[in-house]
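Before anything else, here is the set of structures, which you'll find just below.
There are two complexes below, and they share chain A, which is joined by chain B in the first and by chain C in the second.
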Partner chain A sequence: MLKAAINAELLKDSIAALAVIVDEVRFKISQEGISVKAVDPANVAMGIFELRAEAFDEYNADECEIGIDLNKISDLLGLADKTDTVKMELDENSQKLLIDVGGLSYTLSLLDPSTIRAEPRVPQLELPVKVVLNGLDLRRAVKASEKISDHMLMGVSDDTFYMEAKGDTDKVRLEMGRDQLIDLKSGDACSLFSLDYLSEIVKPANKANEVTLSLGRDFPILIDFEIANGAGKVSYLLAPRIESD
Partner chain B sequence: MTESIEWAEKYRPRTLENIVGNKKAVQDIRMWAEAWRSGELPDKRAVILHGPAGVGKTSSAHALARDLDWEVIELNASDQRTAKVIEKIAGSAASMNSLYGNRRLIILDEADNIHGNSDRGGMRALSGIIKNTGQPMVLIANDVYGLTPTIRNLCLEIKFTAVQSRSITPALRQICEAEDLYCSPEAVQKIAENAGGDIRSAVNDLQAAASGKTALEAEDVRTAERDVKDNIFKAMQKIFKSTDPKIALEAAYGLDENPEDLVQWIDENLPQQYAGEDLTDIRTGYGYLAKADLFLGRVRKRQNYGMWKYANMLMVCGTVAAKSGPYHGFIKFQQPSIWRKMGQTRSQRNMRDNVATKIGEHCFESMHDARTGLMRTYSRMARDDIYAVDITAGLGLELEELMYLTGSKKLNKKVQNIYDSAQELLSEKGEKEESKFFKSPKKDLKNQKTPESQKTLESLLEKTPAMGQSKALPVLNPPVLNPPALSPQVHSPGFESIPADQACELKKNEGLENKSSGAGQNNMGNKNDRYEDSVGVSDKKKKNGEPYKKSQKTLFDF
Partner chain C sequence: MTSFNEFAETCKAIEKISGSIETTRRVAELLRKVEVEELPLTTHFIMSEVFPAWSGKQLGIGTSLLYMALSKASGASVKSIEALVRTTGDIGETALLILKEKRKNQATFSTFFEEEPELSISEVYERFRKASEVSGKGSQNVKIKNLQYLFNSSSPREAKYIARLALEELRVGVGEGVVRDAIAKAFDVRVEVVEHAYMVTNDLGIVAAAAKEGGLEALQKLGIEINRPIKLMLSQISPDVEAEIRDMKEAAIEWKFDGARIQVHKNGDSVMLFSRKLENVTNSLPDLVDIVRKHVKAESAILDGEAVAVDEKGKPRAFQEILKRFRRKYDVEEKAASIPIQLNLFDIMYLNGRTLIDLPLLERRKALLSCVENSVENSRSIAVDEQVITGDLELVEKIYHEALRAGHEGIMVKNPESVYSPGKRGKNWLKKKPLMETLDLVVVGAEWGFGRRANLLGSYTVACYEPDTSRFLRIGKVGTGINDEQLKELTDMVLGLMGGEEVKGVFTVRPEIVFEIAFEEIQKSPNYDSGYALRFPRFIGIRLDKSPEEADPVQRVERVYSQQLKRL
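And now, the complex of A and B:
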């Protein structure tokens, strides 16, 4: 059972954050809220998503699992105004989700959850370095790197967090000292990441004031940020590139 | 039904240990994987596992990953495999480390099937990925030559072969044990032999034979025998030697030939196989074959392929039934000679059709009718010195076509002379004016908007406003469409250019032409009738304010 109402923009952002990883997803619904864990088809990026009941204007649910085609729902939310309220109700018998947006009511056919990849196991990683920065700064560095390369180095040395991209001929580098960062737990970290994935991931992070990056040496990166004024949380795990030379 | 899972899936080997047969291949895979484990990038970063279906290629790849605790990314034929998708998934997987810190095995199943429109550019993307991969990759293919040479050079090729039936038997016995199924040794043996080295089909056959049973004997297996694709010679053997129509028919069904080809095979071999003093068998056999051919013709015409089964039955069972007694001894079966002949005569047949088209145009006949009927007359005329030049000029024949029509095998003086005079005649006419007689009458009519092909929408649409205004116009006297009659006067200039001794021939033709044009006119009139009618009706409807039916409004109401 699920009956909920939520701000349209918030839902839209949440869906967009998930759509980065996969097209079809299993929503795990419980009394506390909605959670999703998904890994992309290449097993390279993982998304962990949580939206607690407080984020909703109205929330009433029993434990259940539903399968949703994210493209469909984000198309549908594209028609909603920022201030609209989206009302959702699950019809468990017919496996359909009734969605009401600004007077338009949709009946969305759900996917059979068993046809969607099972929730992945979340790896236990020990990441020595933590960097907290503004989402906008991260986005800017990624955008600059995109212009010259398809991968980007992230690391920390001597209390300075740096992001660097090297193209065939050009190079771009953004350094941020402790004073420019919100927080820094220094250590030895330096890993190379694919910008194909990173640029998609930083899009939803853009709106967050505080984005936490956890790094290691040639280790996956963990990118955390809060949504819905702290009532929700998004984490991404991205595997590092294999340095070919 | 309790067996919702296929046994072939359920008992798929989980470790390399359990792979049946192909020891050498499995050993090679292990060695290659060890090279990856050593940390250094091996020389060949990918392997191609190739071999027939059902011998354990995919199972080996997955078993390897399980043995070494590698995670698996698989792209198989059911996924869309365009360059974009391959780059996105296999490319990302190959260039990035695993989230869990172990290696990741990238399996491309049915890699020889990455082609065609849907997978455009897939092969090239793949070779790019293999070149730079940082993770082990396995390509699986039935046909190693279905992969590009670039890819083959980058990969280590490991060949899988058909599994021997004595290796299949123990595997089947294990499954029987696990499924709590009694299976007699003969039954197991039989299944293993039937599978032809394909262990997956052996397991499938076992499951099929065992469904709903707790014990399996050799007789049970019989019903579950696998269709093995017969070759044509085996089938011919059964058709011509056996006396049981059922056996022959089954052989024919097992064939990968359509009845249209099969009938040629039987046709070719029937006289040799049933040769003897008495020709009754051959006669009866051909009787059935002719009946089968009727059905084949009907299938062609009506595109109702359901009737193939009658053709099949008649040709196969008929041939079997035509035997008055068994025929002993072996006579080699011949390939249908008609295929070879058709190939040899292709250029000649094309020539024939070209000539027939020209004659057809000249006589308002289809190419087919010209070929089967009129061509003979024209050929006779072309061989007559009196008409030859005019025929050649009139039809606009090329030299080769003239040779074909006159039946001359070699180019001789006579033919050359005819052709030259015809060319002269043509250029002469071209200077003054074209011979009205031999100018293609079709063109003539075209200018006057009378031939059927011109009575199209255009002419109707053009005239519609006028029709609408003068509704009361006499039906048989349409103002514009009246085709100028093809009276002899129109053609009179043609007379002068034709020798007097052809006058008689001309008269005949003239008569013909008049007749045909007359018919055309009549036809025209009828069409006009109908046309006027429909305009009248719709006009009426308009006045009455009746809504028209959409279907009637189409052309005429605008």
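And now, the complex of A and C:
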């Protein structure tokens, strides 16, 4: 069972954050809220998403799982105003989600969850370095890197966090000292990542005042930020590019 | 589940073997090792296919998609991958080299688990299946990511064969014959039993799994199934049909219709139609479905026949008209009304739950006649074709000319005692038709080949001459009939004549070289500036003795075309 109402922009942002990883997801619904764990088809990026009941204007649910085509839902949310309220109600028998927004009522057919990839196993990683920065700074570095390369190095040396991209001939580097960062737990970290994924990830992260990056050496990066004024959280785990043996 | 590495190791070993006995032994070893669930996939993989041909499923992965996935997996640019394909001439070798290089490859999460899982044969299949099934918005991206996953989850050696499989071109020289023998060897059954099981199922994967699970007994139980197409029995051209008829004493003579081969499956009220390539064409041909439903009086049946497009008077139209019907996806009904079809049935393989392919032709014929009701509605018709059993060569000659006059291709000469052998081209079905003509045409364009032909010019645009204007008018492209040695020689010759200009991959070539080209028919075509196109063009040789101006003029093309029409 699910009956809920939520701000249209918040829902739109949530869907966009998930769409970075996959097109189809399994929503796990419980009394506490909605959560999703998904991995992209290449097994390179994972998204761990949660939106707690407090994020909703109205929320009533029992435990269940539904399959959603994110493209469809983001298309229909495209027509909503930022301030609209989206009302949702699940019809479990017909496996349809009734969505009411801005005077329009949609009946959205759900996907059979068993046809969607199961929740991925999340690797247990020791990521010694933590960098907390503004989402805008991260996005700026990624944008600059995109111009000259398709991958970007992220690391910490001494008390400086750096992001660097090298093209065939050119190079761009952004350094941020302890005073420019919100917080820093220094250590040994340096890993290379595909911009294919980072470019998408920084779009939703852009709105967050605080983005936490957890890093290691030739290790995945964990990118965390809050949504819905702390009533929700998005985490991305991205595998690095490494020299194979 | 079996590791894909087992498969890759087998490929690597047989690539180096030239003898088929040793190849068969290695394939048998692989088939024995693989678990029964994965046996059908493995059997198809080793024959360079991902899906069985009859399933109608297309993998649909092109080279550009594959290069993109390899680029994302390795970090190497698409340009450098393309360049490497040119040098190696092989996507597999390219993938191996690229992923082996000391470059930072994309890692997957599997790397960060304590035990990195091995890539299994079924996972490779699953990823291919996903890539083939996804459609719509963002589907290109999903295809690329699934392939990228495979490249990043495999060793470079495995990646070599994944890349080749993605293009369904494994290049290990394993065909149906080897696999059939390998199944027999692996599961200790006689080759003839495997062969027969293959003929009736048209799927060596199913055969292999049955052999592993139940041996001889399971294989003998396999039968023809309705809605799973059977390989068509094929005919061969005989240089001396008369001698063959004398050998047979009496032969069954039928017209060889100028249409498209079709296999009809009827099961109660449901009808499925398959093309010569065993593609499902049911949706394009509702009129045929309808006429079969009405006039085939059987609970279930599999029939073989030829569909012929006709005009209002019932005269056959050019072959391309029937293809228009087969390929139609939209406005199907409208096309059905404007291009009526005659269905000529000439064989039956299955009737009311019983397999008939082991019966002699004459017996099958009786069964066919017993369940098909000939009918004509407007120009549409369904009929069992005329068959004459005779040893009289004059009569055969007479039937042959009647067929040609009626606008058809010639005659079929069949052994009345022969069984229906799916997929076989043999002496039991012979065809007699007029010899192909040839034209001498000038090379005016060339395209780079793919795969094994990647660093060679694989296709040549040819043109006839227009003396009045001294222009060369294009009439078609030819790429078949050229052996590897000739292809190298032609590439060297043509490279020197190539200008820089390119339209859709076709490079302009200075008109100097004359090819002798055989073909089956000339068609009207808006695609070439001559206004004509060749059907089934085939390279015969270079006419070194001819200058481009001595090539056949467009007037000769017109003449051949109108002679064809007179035959109608």
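The working rule: the second predicted complex is superposed on the first by the 242 of 245 C-alpha atoms of A that agree within 3 Å, B and C clash if a C-alpha of one lies under 4 Å from a C-alpha of the other, contacts with A are read in each partner's own complex, and residues count from 1 in each chain.
We adopt the following convention: contacts are C-beta pairs under 8 Å (C-beta built on N, C-alpha and C of every residue); 3 or more make two chains touch, one makes a residue touch a chain.
Bear in mind that the values here come from a model prediction, so they are computed numbers and not experimental data.
Q: Fit or clash for chain B plus chain C once both are placed on chain A?
A: Chain B and chain C clash in the superposed model.
Q: Looking at A:1 after the superposition, I want to know if it touches chain B, chain C, both of them or none. Which is it: first, second, both, neither?
A: Neither partner.
Q: Scan A:42 for contacts with chain B and chain C and give back first, second, both or neither.
A: In the superposition, A:42 touches chain B and chain C alike.
Q: What's your read, chain B or chain C touching more residues of chain A?
A: C
Q: In the overlay, answer first, second, both or neither for which of chain B and chain C A:23 touches.
A: The second partner, chain C, only.
Q: So, does A:71 touch the first partner chain B, the second partner chain C, both, or neither?
A: Touch status of A:71: second partner only.
Q: According to the stated criteria, A:118 is in contact with first (chain B), second (chain C), both, or neither; which is it?
A: So A:118 meets neither chain B nor chain C here.
Q: Tell me which stretch of chain C runs into chain B once the two are superposed: 274-282, 328-336 or 382-390.
A: None of the options clash except 382-390.
Q: Go through chain A and flag every residue that touches chain B in one model and chain C in the other.
A: 39-44, 46, 121, 123, 194, 196, 220, 237, 239-242, 244
Q: Write out the stretch or stretches of chain C touching chain A in their complex.
A: Touching chain A: residues 72, 75, 99, 102-113, 130, 136-138, 142, 145-146, 148-149, 152-153 of chain C.
Q: Contact residues on chain B for chain A in the complex?
A: 71, 73, 88-93, 95-101, 104, 132, 134-135
Q: Considering the complex alone, what residue numbers of chain A touch chain B?
A: Touching chain B from chain A are residues 39-44, 46, 121, 123, 194, 196-197, 218, 220, 237, 239-242, 244.
Q: Give the list of chain A residues in touch with chain C in this complex.
A: Against chain C, the touching part of chain A is residues 23, 39-44, 46, 71, 120-121, 123, 125, 150-151, 192, 194, 196, 219-220, 237, 239-244.
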